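Heads up, the next two complexes both have chain A, just with different partners, chain B and then chain C.
What follows is the complex of A and B.
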């Protein structure tokens, strides 16, 4: 009798134990590390309480990094998510070659981010990069600049790379969900005289409500924790203009050996991700 | 009467033209995005086959005489053959281990009853929110103490942990769809709990298993942050870190860097073309049923 009740645990335990040891416990270790003053090499460490967090609050680089992450969240929701939504709703209609399009859109997503960043850094190259060359060809040469080297444009330029890799993912998710929506609802709306915009707003968006919330959460988490694009291209430069929380934490940890301070930054990041996720889910689920 | 007939005909025609215009506009939009999606890839491929001089001449032109030597130089001289091997040696076991743990746990969550099921599942779900920076510091020191920094095992172990939450989620979601009657008839035939998994569930889950394999392999192959922290020695670097090193060393040799990039993304793109359905299934399953 009791064996029946124990058996399921044998199936859960391997994965769960692994998860606890290598994912859950380290989170608490990171938090605890942040209350000390350790450089990773010394044999002993001093307890300094919340000093790292006070330092963090006054750290201009941290503020700048976090602001970049938040800008990235906003841009990711505004651009690839919206574009994905629009493209998906177009593709859900009577489009020839729907699969070809969605297949092509998804390809940037499977390319390693370090590769995407590298390729785009040539496109952005001030001298021979595709972007500037095309701008000059069509007579907009005065807009040409050193995209990734320009303090004002570096973050946005990088964000466009991120959007390039991400919009196909959004298209795929929304399209898959849209294909399970009843087409007769749309047909009825056309008969009633609704134009495409009205159909989009009143039918498509409410139907995709849960998926939109999900993609928003996923995008937010991604925009807060991303590292690859920044580090492979600009390493956070110029002058921290593309620094984000994870790249700052990386250089603190590995390049400056300020282990405990890096731990406090990680902890704050985790906290922000958790709270933003919960907030979005709460507001997304409210009307249900 | 005639005037009304003519004007209504004219209205219908202009309506048809408007619809046609709308259709052309829509397809143009779709094509623009398709082109935007592909251009950087084409640039990478084309740049990789140029010589340095050809590159500065005209970025847009395709190479007239493909310089395959670039690939040989990258593969041999720049050690990319080794990096490629490393990526495989790390990504394959990671994928298999995630599959193993996730299938077992997913089965239990989907089909078995036990105390604390909801809470434990919820905890796994929390794992989806945990970013690498949150755990990298203690993991680094743990691996250091175990003396497995700069080894394959040292990279595989945390990567499996990072892939687990999604794997468990995917497997659970898929297994839930399997009809109870199938399991009941197996139980009547005398199968125990484990046999139900191996003889009934796994064989018919091959789409979901393939999807998980494909997704996890891609994530492991493309991962960068984790190996940057854990692997410092050149002989153990996977392709992504190898690229970073390579760029540092060959900063302006763009054709060679392009060749390196192509080497990194070609395996995954090839995998994608053969297993498209599985990729799509893996990505969308989590979103739709979640």
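What follows is the complex of A and C.
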């Protein structure tokens, strides 16, 4: 084999080694751990086969957590993705200050979720938080809530924070792809009498199909594995109303000494994310 | 030109070799002359257990006496961060040599069982620690008869209150439980929050429940559940949970209390929006500092509910000192620990940190102690023989998880007290099967 053919492998080797050592190996270790009973402290582990997975099937907290993640997926697709698409379509037109607007929309995305959670915890504070104070000032005090402490509103309130940090990213992605669409297509549509809604539905959406699939996959993965926002704001409470799979795993692993069970949940979550991703890609990509 | 480059190269090599030589020499010297002890504690300057000034003074004083030993100190805020971080550090083999953490009982036993903690039994005999610590505290910090922790704060659940606000509402310290409830109603009617309470971190409700258990079940019945075969859903426990749910339902807590943080809730008390604060003596440093110049601080113990039960409260030992099993300098670390907890240094902890070690304090030695602090400690010491345990520092972590979320659910009327306690019983039985229950 000539040196020319071997040299490229040397360049990709460090990245590959990093992937194997810091990603592949821990994944295999986690999967392996899920077949044992281990509290994270003992020097030995006890092999128990599939018992952790059988327990998972009957675990109501896992079911609730997963349902919250799926709700989060749906809301993330319904709101920031849709809002991002609409705003990008508007900004792609002849709007003055387009760059200023897209920058402003993107700013929340660069804030760390931990910081965003802290800020919004204060805004949502039931006593002196900005939201309730403003509601009271404008005569809507009856709408003031415990927000993050209210079992009916906690998850939605948290999701709004997540959406706030994410929609700007969607705007930017869609806008960058929209700007590559041939403007003469829109002009021809206008000549043919298409209104803005028709142009959006018949030109913009098909043109952005690949981007929409990508953002949907990205959003789904993010919505299924996020953790920091929940941990900083509610710790999964009140009574699991904002519990998500990763916060439940964290509690099992670090607080309850159920390390192997947490590993089984992690394995199942990985499987769910992988399956959903493949499904979205399969149905989303345009078949040639 | 070539000659100049050659000289330059030679100089660079010489500098490099010299640097390497000096570095190794200095490192060698450092390793021989300086011993580094890593210390983690919870003694900040605000919040729970804010005894930072005392700790800092003692660390500096000890280092001054031992110039060849340096202590690198990290302060982890009390409550949750230390609890989770220390476990990671121990299992990763990167633990501090000496650390002050919680809880004892089930959790500490699991560390000792796994061999992460240094056996302090010999040190306890050498320094007379067994004579100074209450028997139950020794039990809670032992595993298979060997001591692994030195508990260092006596803690009690109390009711802090705003004396000025009470006066303005013509209220006084309640002598009966019914008076307490009536006064809470009157405080609420006057537009104030009766009890500052924030349960976002979920542990606050555990302490409130513990103090109610003291008054409905008492120590013996609680022990029957914790070390015997009595069930969690026994009537006295249901009674306590019902009373806690009553407080929530009656509106004694701030709106959205399950989403309010502990510190945020305390702020409501300091800002005089709340009239009372049912919490522990671990907050006395903040209480004294934050109320100074704002309002007169008062304290009382929650009055008895039943005449056949003695007055009681929840009592605990705060956190405890542990030594890492793999410390490189066990003698030096234990010497330092003995210094920290010595009787001669108790006065520094008390006067500069408002932290009270696990012993009956002779307050005649401390005439300048804040009257509230004195009342709280004197009262607590009297109640201690009949005091109940702090649940979440006694039971296994998996049961604590059920306790935390269950109390949030009960206070929000999402589940009944009976259902909550049945869940606790189920969680307890699972934990028992796994051998996690701690019994003295």
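Some points to look at:
In this text, the second predicted complex is superposed on the first by the 284 of 288 C-alpha atoms of A that agree within 3 Å, B and C clash if a C-alpha of one lies under 4 Å from a C-alpha of the other, contacts with A are read in each partner's own complex, and residues count from 1 in each chain.
The rule is short, and it goes like this: contacts are C-beta pairs under 8 Å (C-beta built on N, C-alpha and C of every residue); 3 or more make two chains touch, one makes a residue touch a chain.
What you see is a predicted model; the values in this text were computed from it and never measured.
By the touch criterion stated above, A:254 is placed in contact with chain B and with chain C alike.
Here chain B and chain C are compared by how many residues of chain A each touches, and B touches more. Applying the stated contact rule after C-alpha superposition, one finds that A:126 touches chain C and leaves chain B untouched. Looking at the shared chain after the overlay, A:40 reaches both chain B and chain C. In the superposed pair of complexes, A:240 makes contact with chain C only, with no contact to chain B. Shared-chain residue A:26: touches chain B; no touch with chain C. Look at A:73: by the touch rule set out above, it reaches neither chain B nor chain C. In the superposition on chain A, contact of A:212 is made with neither chain B nor chain C. In the superposition on chain A, contact of A:147 is made with chain C only, not with chain B.
On chain A, the surface touched by chain B in one complex and the surface touched by chain C in the other have residues 40, 254 in common. By the touch criterion given at the top, residues 39-43, 121, 124-127, 144-151, 154, 234-240, 251, 254-258 of chain A touch chain C in their complex.
Contact residues on chain C toward chain A in their complex (touch as defined above): 83-84, 87-88, 90-91, 110-111, 113-116, 199-202, 254-261, 264, 268, 273, 396-398, 400-401, 404-406, 408-409, 412, 414-415, 436.
By the touch criterion stated above, chain B contacts chain A in their complex at residues 22, 26-27, 29-30, 33-34, 36-41, 43-44, 47, 55-56, 59-60, 100-102, 104-105, 107-109, 112-115, 117, 120, 123-124, 127-142, 157-158, 160-162, 164-165, 168, 193, 197, 218, 221-222, 224-225, 228-229, 239-240, 243-244, 247, 254, 257-258, 261, 264-265, 268-269, 272, 276, 279-280, 283-284, 287-288, 290.
Across the interface of their complex, chain B is touched by residues 5, 7-9, 11-12, 14-16, 18-19, 21-27, 29-30, 33, 40, 83, 87, 90-91, 95, 101, 103-108, 110-116, 118-120, 122-123, 128-130, 133, 164, 167-169, 172-173, 176-177, 180, 196, 211, 214-215, 221, 224-225, 227-228, 231-232, 245-246, 249-250, 253-254, 259, 262-263, 265-267, 269-270, 273-274, 277 of chain A.
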